[in-house]
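First, the structure itself, so that you have it in front of you.
The chains carry the letters A, B, C and D, assigned in the order they are written, with residues numbered from 1 in each.
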Amino acid sequence: MPTPLDPLRDQLRAFASARDWDQFHSPKNLAMALSVESSELLEHFQWLTEAQSRDLRDDAKQAVREEIADVLLYLIRLADQLGIDPIAAAHEKMIANEKKYPVDKARGTAKKYTEL
Amino acid sequence: MPTPLDPLRDQLRAFASARDWDQFHSPKNLAMALSVESSELLEHFQWLTEAQSRDLRDDAKQAVREEIADVLLYLIRLADQLGIDPIAAAHEKMIANEKKYPVDKARGTAKKYTEL
Amino acid sequence: MPTPLDPLRDQLRAFASARDWDQFHSPKNLAMALSVESSELLEHFQWLTEAQSRDLRDDAKQAVREEIADVLLYLIRLADQLGIDPIAAAHEKMIANEKKYPVDKARGTAKKYTEL
Amino acid sequence: MPTPLDPLRDQLRAFASARDWDQFHSPKNLAMALSVESSELLEHFQWLTEAQSRDLRDDAKQAVREEIADVLLYLIRLADQLGIDPIAAAHEKMIANEKKYPVDKARGTAKKYTEL
């Protein structure tokens, strides 16, 4: 079944294949790369206040945009190597989250709320 | 312009709004959460060989699938708070990557290849 | 030359040796484990305000204390596998930092200050 | 009671104080910086095989050495802001680890061994 991320997935396959990079793209290595890119994204925010992070300057926003792209690309590539559909997984997780965080208990509190 | 991630983006908006969680969802905090989820994903691979990581057991694959979902959800949420379209950003990054890693120079080598 | 972290280093060597874990303790894997532990530490702070993070509750402080221990232990173990003395490296880095961040330019600003 | 990391802790205090950086050094921000530095360390290993990571070239080892220094410095700074003694915490953790991973059960297996 086609999914909305198929075009990027296919581009990444062709990109890696043309460079003979499948040998480096084990799930272990891709999970490392994904984590490293997430930290590069995080780095842009580490000395900002929360208020500043809600109102980025244009150059910072452009840099953050590129890191978001890197995270998404590695996520799609990793999921592809594992045969996982990230969109379907996310939809299922949203259903689980609705149960895990009932509105009446979760409203306005971050207590016990350590992850979505 | 509608994008393929709009349905998840809208679900996440409604989810946060119903719980009054926008106050916690500053880009700074969401970038932290994204990084933490990427590490939870990484944790599943840390003691595996690369070969083992290419052939996960079913229970490990299911756990990894849920972490992939978490990373995608926080990425969509973070991008939304910043007004960034992750799909468009990823397509642009692929064009930049084609230039940065010319096939004839990048073929079969991970040298200087520290990130996509 | 003996260093202040030698006792922990030696304990970690004996610990790994008794369990035949040197086979898993490649620098690559230890760097992953260190990064994962740093994220577990980070997780405790992700939904706190900066003010709250300066005034942790006792149970949170105890949990953070254990994560700090984990990070230090993996750092010592990784450095040992690479033949690196972390204390000497840190002293040298402090000298470099004094030059990189001159007091008169760095005073009161986090601009360009993306890392120590 | 004096600990082996006191000299670095005191240097870091003086360094931050001279630059008026205590305002940026909330535990939340320092935990982010520590995590970012751990990922910069990880980045050096992401495309290496485990065997390659056990036998780094000189330039790579020097770069890794500096990242190890950064991680240690932020760890000391974070612990100081929280009033935590990292050495004492690590010694206690080693005692807990001896119990958690009995030699006869943990020998030669990374199963269930997701963290020290």
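What to note about this one:
Quick note on the criterion: contacts are C-beta pairs under 8 Å (C-beta built on N, C-alpha and C of every residue); 3 or more make two chains touch, one makes a residue touch a chain.
Here the structure is a predicted model, which means the values were calculated and not measured.
Taking A-C and A-B together, the pair of chains sharing more C-beta contacts is A-B. One of A-D, A-B or B-D repeats the interface of C-D: more than half of the contact pairs, counted by residue number, are shared by A-B.
Taking each chain's centre as the average of its CA atoms, chain A and chain C sit 25 Å apart.
Centroids built from CA atoms put chain B at 1 Å from chain A. Looking at chain C, one finds that residues 24, 29, 32-33, 35-36, 38-40, 42-43, 45-50, 110, 113, 115 touch two or more other chains.
Taken in their complex, chain D has these residues touching chain B: 32, 35, 43, 46-50, 110, 113-115. Residues 24, 29, 32-33, 35-36, 38-40, 42-43, 45-47 of chain D touch chain A in their complex. Residues of chain B that touch chain A in their complex: 4-5, 8, 11-12, 15, 18-21, 23-24, 26-29, 31-42, 44-45, 48-54, 56, 61, 64-66, 68-76, 78-79, 81-82, 84, 86-87, 89-94, 97-98, 101, 103, 106-108, 110, 113, 115-116.
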